[in-house]
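The structures come next, written out as structure tokens.
There are two complexes below, and they share subunit A, which is joined by subunit B in the first and by subunit C in the second.
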Partner chain A sequence: MKKLLSLLPLCAAIGIGIAGWWGLNPNRDPGAIPSVLIDKPVPVFELSDVAGTGTPGLATQDLLMSQEPILVNVFASWCLPCRAEHAVLARMVREEDLNLVGINYKDKPATAAKWLAELGNPYSRIGSDQTGRAGIEWGISGVPETFIVGPGGKVIFRHVGPISSDAALAKIRGALAVARKDKP
Partner chain B sequence: MIRILLVLGLFATAASAVEPDEILSDPTLEARARVISANLRCVVCQNEPIDTSNAGVARDLRLLVRERLVAGDTDKQVFDYVVARYGDYVLFKPPWKSTTYALWLTPIAFAIFGMLSILLILRRSSREFTIVEALSPEEEAQLSELEKRKKDRDI
Partner chain C sequence: MIPELGQFALTLALITAVVQGVLPIWGASLNNALWMRSATSTASLQFVLIAIAFGALMRSFVVSDFTVLNVVENSNSLKPMLFKVAGTWGSHEGSLLLWTLILALFGAAVAVLGRNIPTGLKARTLSVQAWISIGFLSFMLFTSNPFDRVFPAPLDGNDLNPLLQDVGLAMHPPLLYIGYVGFSIVFSFAVAALIEGRVDPAWARWVRPWTLAAWVALTGGIALGSWWAYYELGWGGWWFWDPVENVSFMPWLLGTALLHSAIVTEKRGAFKSWTILLAILTFSLSLLGTFIVRSGLLTSVHAFAVDPERGIYILGLLTVSIGGSLTLYAARVHKMEPGGLFAPISREGGLLLNNLLLTLATATVLFGTLYPLFLEGLTGDKISVGPPFFNTSFIPIMLPLVLIMGIGPFLSWKRADLAGIISRLKWVILIAGISALVVWYIQTKGPALAVIAMAIAVWLLLATLREWSSRIRLGQVELTESLDRLRRVPRAAHGMTMAHAGLAVCMFGFVGSSAWKSEEVLFVQPGKLVQIAGFDVTFEGVEQVQGPNYTASVGKLSVMRNGRPVTILRPERRSYPVAQSQTTEAAIRSTPAGDLYASITEPVNQEIEGQWTLRILYEPLVGFVWFGSLMLVFGGLLSLSDRRLRVGAPKRKARSASLPIAAE
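So, the complex of A and B:
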């Protein structure tokens, strides 16, 4: 008994050590909120188009049909990081034959249309989510957020924040490559 | 630029914790909504319940909770609805499952460790004070000699 008890401080030290090693890992983001959507089918939502853009609206059905991965980007014209991200997304669409669709989050259609006219419109479909209810269905905490929907309509990746850094872009490209590989 | 800042400013002030237009006319439903929203974590501010958070998403979730209650959901159904979209993360009291064992058990482990340490220290210190070894025959003799001398002097 006494011998066992004398091992207790060592066990405690090891326990605290493991906790510290895990907690201080620079690659761990303590603020990251795991998405419950990963490996699940896309949520049920139906959004009409953003008036003035000439781009069709977006609904669950549109994401179920594709054989290629689809990038779903939640954006708003009032969101500054979205502006930074826009050029990166547009270039990806232009150069990589990518299907990009948008959810225009809590935005005025007129402002959104003007924003897209000014910056260019790389989206093949845009749903207008003026109440933010579709945003809740997707479990977003803010804009911008980007999801990758794999073939068959399964959500396979989520990125919070703008895709403007090389690191973020590399992550998106990696996830896209994986998605293209598991074609059914 | 100024216009963008203005829009952002409007967005920030337009939503504040439980506004008059959110409150339900039925006081029992409203009371339930308040209890539920006090137990749901805001996904933007993270350590604040949606009940007191000014974030836009928090307001949307407050409205959603009330909408579900009006539609006749039980409290559990409302929690399940939100958890299905945002995960266990939004609960201030997470459920007991494999990913949360460490969360629930660590305080208990620390309490047991602490109690054992205190017990061990108490036992050691009481032993130091109470264990008195018996005197050897020589010491016994010395003692009685001293006592005898003391008595002799007192007289």
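So, the complex of A and C:
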């Protein structure tokens, strides 16, 4: 018995060592954790409009008052995957009666306006986050990134990267369906 | 030339360490006195060589030698001199060199100061210490050389991360490392004892001052780090249960347990195998911390340069050192005979409970820190464990510990009279009870646990003072006789009183600032009035100020209370152009009752002219966190200065464990 007990620390150390060995796998990204905002109210932020788009700006208040789920998409004209994603989002808005708002992350208003004029503007509101401050509040790790805010302003889903693959689209649709069901 | 000298010194240090790792321990098994004694000179030489390397790197930083890659990446010619110096340990390579320097410093200190340690034990201890050194020196030379050159040399460097350009943080790593690495010598002592197969009270007495020294430094380092986070990061918190904070906290918790269990081994010859195990585990947790911080295994806000190759190297190091020592432990521990018997209610019983609770608390923190990794490995789910887990699991373990801390010092060895002690403490119990009611009356908001914790803190403070006053018989005899006793009581006893009272003082700060904090975060324009905790704070505006290597926006907040001006707060937001980053300098008005804390961040948006994000907090009692920490450090130093711990340490007596040593 005592002999077994004295082996206990060694066994625990081996367990931790194996986990550490596994954790060093270079394909693993320890930073990729889901948003801490999930199930929390949207962060406090206030962004003015992107000059030249004619679309109103975005603030916390706009997300709190909605009765329908809102898709919050963080994008920038300098980001190539955003361009790919843009077509998918535009189609969703056109065909599925979806409220899409944007946070224009660290972008020049003139370039962003030109980009939207060229590709079309599916956003009902766009906040201009030139300093990246709102991005920090939302805890984004890069663009593009998309959040689903449920009725009442609770963050219920986060997707990192472009919504361009079928798998990503299916996840977003699933989360939207759940969000529509649990109305307050 | 100088960097090459540093490189050369480092290589020589590795060779010296190999000699120190082999010769003395071999000599000990052959009983060759000359080989054993060689450890004294090799340990000293190793320290001198690493110090030369460290000096060479520091010189490269001081003169801004941009042919050295490490200097380019972490310094800049415009940086103030203090931070050029501190830049030496601001990077992965430099901090590793500091690590190794301190490792060698402790080895050399034992070699030079430990004259009364038996030759065999000393030789084995220094050999084990040298093996740790070999691991780290080769790690540095093979994967993270601080002296790598760069060609062509750039005109200027990238600057040290501005967050690190702060006096508090510049001083924080050396202190933390002395603590972290100081436990290595205790580890070496433990492994040497296992090799010898002998642990006795004299062994515990040799180990205790080193444990205490490391513990004092670690306490100071952790406190300094949390103070830095408090005023520099601008969020108004001092502890976040971040993995990197946890990995420094775990050795502290277990080191505290070791400090107490070594007393039992020293005074009563009991807890031998347990003390050995704690000595091994405490340093193992320091090593595990190094692994976690430098391999990027877990996400942390403090992540160091992440490199899987380094991670694998450290893991190998861990496997050899931790795996080896624990295997040795499992093989040898049965040979240690158990020590003296004791009743459940006794000083030994109290310290056993102390050890169990501290170990449980450490296990909880370890579990919470590694749980995301385990879960991801087993199920693929990624989660992060945050303050809610730690607060709900850690606090319920620590509160009973604090409760028994009040009684512990009253307990006598072998068998104690609990009823008698309680009756001596009846006034303390009464006052603690009343203080709970008073706290509840003043602060009805906040959790009930906070009120209980406050009462427990009062209990610990008063019980500790009661024990101290009865020790010098204050009020029972003439004052002059009490003062005379005050001088004669061993300093270690005063140290214990100071440290226990310090923890009670810390608790006032922990509870006050976390349970009754008020916080306002809002967008403001000049002229905006904010009311918080009875203060009227007006945001007057922002002006631009030019610093040595930054520009700052300085906000002006005039603070009034009941219509009278109290103070003007000037929180800053600094921009460092070279490093392209920004820092927050909070403005804090501190009083014993609490801190009024303000920080600002840049305009939310350039289009909304003049809008600032203002964070104002009122943190009741928060200053007690650091005042109490200072008391802990001072208490430790007081014990360390006790003559009995340094001079006249006993000659190793043949297993006379239960000889009458005066109870502390």
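Just so it is clear, the second predicted complex is superposed on the first by the 154 of 184 C-alpha atoms of A that agree within 3 Å, B and C clash if a C-alpha of one lies under 4 Å from a C-alpha of the other, contacts with A are read in each partner's own complex, and residues count from 1 in each chain.
What we mean here is this: contacts are C-beta pairs under 8 Å (C-beta built on N, C-alpha and C of every residue); 3 or more make two chains touch, one makes a residue touch a chain.
What you see is a predicted model, and the numbers here were worked out from it, not measured in a lab.
Peer 1: Let me test your reading of the model: by the given contact rule, A:G152 touches which partner, first (subunit B), second (subunit C), both or neither?
Peer 2: neither
Peer 1: Tell me which partner A:G135 touches in the superposition: subunit B (first), subunit C (second), both or neither.
Peer 2: In the superposition, A:G135 touches subunit B alone.
Peer 1: Per the contact definition in the header, classify A:L10: touching subunit B only (first), subunit C only (second), both, or neither.
Peer 2: second
Peer 1: With both complexes superposed on chain A, which partner does A:K106 reach: first (subunit B), second (subunit C), both or neither?
Peer 2: first
Peer 1: Looking at A:W21 after the superposition, I want to know if it touches subunit B, subunit C, both of them or none. Which is it: first, second, both, neither?
Peer 2: After superposition on chain A, A:W21 lies in contact with subunit C alone.
Peer 1: Return first, second, both or neither, reflecting whether A:L80 touches subunit B, subunit C, both chains, or no partner chain.
Peer 2: In the superposition, A:L80 touches subunit B alone.
Peer 1: After superposing on the shared chain, does subunit C or subunit B touch more subunit A residues?
Peer 2: In the superposed model, C touches more residues of subunit A.
Peer 1: Let me test your reading of the model: by the given contact rule, A:E46 touches which partner, first (subunit B), second (subunit C), both or neither?
Peer 2: second
Peer 1: Would you tell me the residues on subunit A in contact with subunit B in one complex that are also in contact with subunit C in the other?
Peer 2: In subunit A, residues 31, 33-34, 36, 131, 133 are touched by subunit B and also by subunit C.
Peer 1: In the complex, go through subunit A and note every residue touching subunit B.
Peer 2: For subunit A paired with subunit B, touching residues are 5, 8, 12, 15, 31, 33-36, 43, 78, 80, 106, 111, 131-133, 135-142.
Peer 1: Touching subunit A in the complex: which residues of subunit C?
Peer 2: 273, 277, 280-281, 284, 288, 291, 295-299, 308, 311-312, 315, 318-319, 322-323, 326-327, 329-330, 333-334, 370, 372-374, 376-377, 382-384, 386, 521, 523, 601-608, 611, 613
Peer 1: In the complex of these two chains, what residues of subunit B are touching subunit A?
Peer 2: Residue positions touching the partner: 4, 7-8, 11, 43-44, 46, 56-57, 60-61, 64, 83-87, 89, 109, 113, 116-117, 120.
Peer 1: Can you tell me which positions in subunit A touch subunit C when the two form their complex?
Peer 2: Residues 2-3, 6-7, 9-10, 13-14, 16-17, 19-24, 26, 28, 30-34, 36, 44-48, 51, 128-131, 133-134.
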